[in-house]
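What follows is a group of structures, each given as structure tokens.
Shared chain: chain A. Partners: chain B in the first complex, chain C in the second.
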Partner chain A sequence: MSLTLACQLVMNGLVFGALLGLVALGLALIFGVMRVVNFAHGEFITLGAYATFLLVTRLAVPPLTGVPVALVLGALAGWFIQRTVLSRVSGRPELEVLMVTYALSVVGLGLFSQGFGGDFRSYAEGPTGNLRLAGVVVGWRSLSVLIVCLVMGALTLLLVQRSRTGLGLRAIAQNRDASAACGINVPRSEQLAFSLAVGLAAAAGALVSLIGTTTPTVGHEWVLDGFVVVVLGGMGSITGAVVASLALGLIHSFASYALDDSWARILTYLLLYLAILVRPHGLLGRRAEL
Partner chain B sequence: MIRERPATPVRRTVRSVRPGLLAAAALAALAAAMPWLGVSSYARTLVYYTAYFLTLGQAWNLMSGLTGYVSFAHGALAGIGAYAAVIALNAEWPMAAALGAAAATAVLASLVIGATSLRLRGTAFTFATLFFQELVLLVVRKLRFTGGPGGIVLSEILPVWLPHVMMMVLAGGASIAVALLCRSRVGVRILAIKNDEVAAAAVGIDATRLKLVLFCASAGLAGLAGAAHGLFAASLYPDVLFSVDVSLVALAVPLIGGVATAAGPLAGAVVYVGIREVLQSIAPGLHVTIVGLLLLGVVMFMNEGVAVAIGRAAARWRGHGGRQRARAAAGDD
Partner chain C sequence: MTVLSRRTFVASGAAVLGAGLTGGLMRRVEAAELIKLGAALSLTGRFSDSAKYCQEGYVLWSEHVNAKGGINGRPVQVVLYDDESNPDTGRVLAERLIDRDGVLAILGPYSSPITDAMATATERAQVPMLGTIASDSSIWDRRKLRWSFQAFPSSDVDHEGFLKILGDKGGIKKLAIVYEEAPFSIAAKEWAVRKAKEMGLAVEAFGYNPGAQDFRSIIERIVAFGAEAVSMGGYYQPSIALTRQMIERGYNPAAYHFIQAADGVTKDALGANVEGIFGRSAWESTIDTPANKAFVQAYQAKFNRIPSYHSAAAYACGQVFDAAIRAKGTDRKAIRDHLATATIPTVLGGFHANAKGQQEGYRYVLIQWQGGSAKLVSGDSGTALLWPKPKWK
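== the complex of A and B ==
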């Protein structure tokens, strides 16, 4: 394998991994703060993808404006669902909360299938052309996705790791009751975490519509990989999720080149079973968390 | 019916077991006789699907309903059973051997999930089942002997009554088995695991082994249900067989009807098939959405399921009606 080819594959892997990272960041945030496995996460990716698709094809705006729009739309949808559904079931047994998010995902899937049909949708607008750097060809489309992902990911990490609000979120993740006793507003923090995570998912969906095709199940496919990453990274560990996303992106990229896309996915899932078997608490997670 | 409150008089549940079991067996026998009773093929198909969903639901109930370990893989396990049965029959195996192969393949496949994740508590098992569906779909589409993305067709033409009778036997047998299990000592051990696994282990219950055995039994049942349905459908397409819908049915049926009871999945299957039929004529595209909303409503507001909620409402109604009606009801027993 030549060096240029390797660079090319690394680049492809980074784009995939960065997008996956946005999804996984949200999943890890929700699990860490709310102890909820959000099966409906994928439907918000689909929401962002369709919203951007409609914006571009109906209103003829540039696709990248879909990212902030999807972010806000997703955050609003997340806030609404947290208020109306999830806050009512907090504290219930794990199985029930799991079923609630699963049911939400089924509702979303049904609505998207009904509203848009099974067609594959994509558009040609947006950044075009390639950037050539020492033989490595990178499409401006992928590059813009990578840059937007990195910026959003960095801002989120900054918010969670460096701000006072983020301190509250991390405190709740460590010990919910003690945080409440210290005066941290737990319900409001949960709302914030859920809205932010869902907003990120929708923004990721906007980017997915830019480099891929949009179908009612597009989010479902992404969120499965998101779960792989969250489990590998240690449930609820944000750094773990980001590292695992990039690693999975690279593995996927190289495996897709050496074999094909299906085998790359098969490999991913087998890797997950192996990881659960060998390190049940994830690569970076703490022992008690799973 | 297992209740978590020990206040329920034990004698009454024991006495109510046998008539219930007899009724279940009679119902299954009646439904199995449908091909010879001159019933319209529409009604027969409805009953068939009710039984298919009931069997899948009981299979899910056996593992997830009783232990609380949620499985998203039962659709995939049924799909594996269907493939195994059709491939075996196409290779000229006798019917019994083909069914055996279907159950065995599903059990072996379940061991992939069980062996890796059942040692752990909580969400690891659910995750492992979630990926399983996707993994199986990808693998089946890749392998040559499963026909790849095009699927396979059963070469032998079977009589119409055969899959119907098989499914009725499975549905009746599974329901009776779950009813008996709930009342056995093993059933109590399982309940202990569901309530507090650490405490259960402390009193000497081998939780991992019990969970693994239950999951294998549950997978075998799902495999058999899939096999019977494979004979009914006769042509298998991977994208249909391993779609999320089948796994959704397997868990929606017991959850809607009532988890960890033998009667719950029956109520759930009837409700599910009814909704599907009604929606097919009114709003065919909204079927998945409505089932999702129903599931959401049941889990949020009626988390014991429809069957238990109706039973409780009936008991309350009897209570309000004064002693006379209660005495009359007791006299009827």
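== the complex of A and C ==
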């Protein structure tokens, strides 16, 4: 394999991994703070994808404008759902909460199917052309996705690791009761975490609509890999999710080239199995980590 | 829980009333016993956008046949339910149509999975059914179906039109086939690889997982192989992803075909880059035959737009049952035997099933995007090819 080809595959893997990372960040945040496996995460990706589709096709705005719009829309939707639905089952057994998020997913899918039908929605607008550097080719569209994901990922990491708000979130992840005893407003922090996570999912949806097509099930196709990343990175570990998503992107890129797409998939799940056996708390996770 | 959210009778009575028949003929038709045909269509749910066009095809056919005095003097009634785009609901509705409504035969649903599910019920009850929009031939490979017949071009020959063009034009030496790890796509790939080798082409096949979003590594492999032509045999969503990533990579094959490209949304998705892309289509409104022209004209008069292939396939199913019932009466076994052996002219072509019940008579036509619209390029009424494909913009 030539160096140029290897660089090309690295670049390809980073683009895929970065988008996957944005999806997984939200899942990790929700699990880390709330101990909730959010089955409805895919629906929020779909929300962002449809919102961007409507913005581009109805208001003729550039597709990347959809990212901040989807982020805000998703955050509002997350705030509303956490306040009206999830907060009412807070503290209940994990299986019950999981079923509630599953129900949310089914309701969301139904609403999108009713609202938009089953047909594909797509648009051609967006960055065109490609950048060639020492034989490595990357499209401006993919490069935009990569840059947006890296910026959003970095800002999320900064918020969680370096801010007072993030300190509260990390404290809740480690010990919810002790955090509450220390004066941290746990319900409010959970609301913030869920809103932010859903906002990130919707922003990822905006980017998914830019590189693919939008259907009521578009979010589901990303969220399963997102769960794999969260487990690999360490349940609830934000940094672990970022590292695992980029690693998964690179593994997928190289394995898919050297073997084939099916083997890349098989390797991914073998890795997941091994991680569960050898490092059940993930690459960078500890028992309770954010 | 199965909910029958909508029950719509596309009754021949209504069709007859609107058909402008003479009083005498109307009295004769109303007096005769109805021939009930059943259908379950995805009027709601993910297939609803396309399935509604099938409904229009069934409506138009039943109106036409009743306007001409029904079949053997008996009016036709189509009993229609909503399967909510759910195969399980489709199977339950097939049982309901057979057991409660007592339909003679079943006009097919939308999609292969629902056809597959409904076939379980129709085989058990020994009721003839046509797979209206069931391109997946593997349904008939996986088990022996005696009462269900494919009434849509087989997915096995998805790449046929494109390969014919490659043969006719010459100059292409290496072909890449991209396929989904799904039965219909694998079968089409195997057919295409065999055919391409017979044509003397060097061919390599590249599989991907269902739900795949990232084709960049596959594109690198295609580039390394040096393919001059690419044919993608998967669903629409991955096809668009593959195309966009080929554009981003700056990989420009001389000829590019993806089987779903005939869909009008392709232009929205790819913009100016759609130019020169080939696709296959079950039917095109521009096919220049008298029967097709009459169908298109009648459809436009009723619905005020050009019909889609879904409507044509549905109308063709009606024509098939019409011919079978005219020939054999209302004996289900006789109808079944007729469907298994006869060649029946329809707007989709000559319906003819093989021994497994798979469609052999219908063939896909090839379209190419030219000047922003999908043009028919195969057959006698086809326009000239745009060759080679213009470079990506």
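Keep this in mind: the second predicted complex is superposed on the first by the 279 of 290 C-alpha atoms of A that agree within 3 Å, B and C clash if a C-alpha of one lies under 4 Å from a C-alpha of the other, contacts with A are read in each partner's own complex, and residues count from 1 in each chain.
What we mean here is this: contacts are C-beta pairs under 8 Å (C-beta built on N, C-alpha and C of every residue); 3 or more make two chains touch, one makes a residue touch a chain.
All figures in this text were calculated on a predicted structure; none of them were measured in a lab.
Colleague: Clash or fit: chain B and chain C on chain A?
Modeller: clash
Colleague: After superposition on the shared chain, which partner residues are touched by A:Tyr257: those of chain B (first), chain C (second), both, or neither?
Modeller: Once the two structures are laid over each other on A, A:Tyr257 reaches chain C alone.
Colleague: Check the residue A:Ile211 against both partner chains and state whether it touches chain B (first), chain C (second), both, or neither.
Modeller: The answer is second: A:Ile211 touches chain C but not chain B.
Colleague: Which holds for A:Leu200: it touches chain B only (first), chain C only (second), both, or neither?
Modeller: neither
Colleague: First (chain B), second (chain C), both or neither: which does A:Gln114 touch?
Modeller: A:Gln114 sits against chain B and chain C alike.
Colleague: Contact-wise, after the overlay, does A:Arg265 reach chain B, chain C, both or neither (first, second, both, neither)?
Modeller: Touch partners of A:Arg265: chain B and chain C.
Colleague: Look at A:Ala124 in the shared chain and tell me whether it touches chain B only, chain C only, both, or neither; answer first, second, both or neither.
Modeller: The second partner, chain C, only.
Colleague: Look at A:Leu86 in the shared chain and tell me whether it touches chain B only, chain C only, both, or neither; answer first, second, both or neither.
Modeller: A:Leu86: touches no partner chain.
Colleague: Choose the clashing stretch of chain B with respect to chain C from the list 150-158, 168-176, 204-212 or 222-230.
Modeller: The stretch that clashes with chain C is 150-158.
Colleague: Based on the A-chain superposition described above, do chain B and chain C contact any of the same residues on chain A, and if so which?
Modeller: 113-114, 224, 262, 265
Colleague: Once bound in the complex, which stretches of chain A touch chain C?
Modeller: 5, 8-9, 12, 15-16, 113-114, 117-125, 128, 130, 132, 137-142, 208, 211-213, 215-218, 221-222, 224, 252-254, 256-257, 260-262, 264-265
Colleague: Give every residue of chain B touching chain A within the complex, in rising order.
Modeller: 68, 70, 112, 115-117, 119-120, 122-124, 126-128, 130-131, 134-135, 138-139, 141-142, 244, 248, 251, 255, 285-293, 295-296, 299-300, 303
Colleague: Touching chain A in the complex: which residues of chain C?
Modeller: Residues 42, 44-50, 85, 181, 206-209, 211-214, 216-218, 220-221, 224, 236-237, 240-241, 244-245, 247-250, 263, 265, 268-273, 393 of chain C touch chain A in their complex.
Colleague: Note which residues of chain A are touching chain B in the complex, please.
Modeller: Residues 37, 85, 88-89, 92-96, 98-100, 102-111, 113-114, 220, 224, 227-228, 231, 235, 262-263, 265-266, 269-270, 272-273, 276-277, 280, 290 of chain A touch chain B in their complex.
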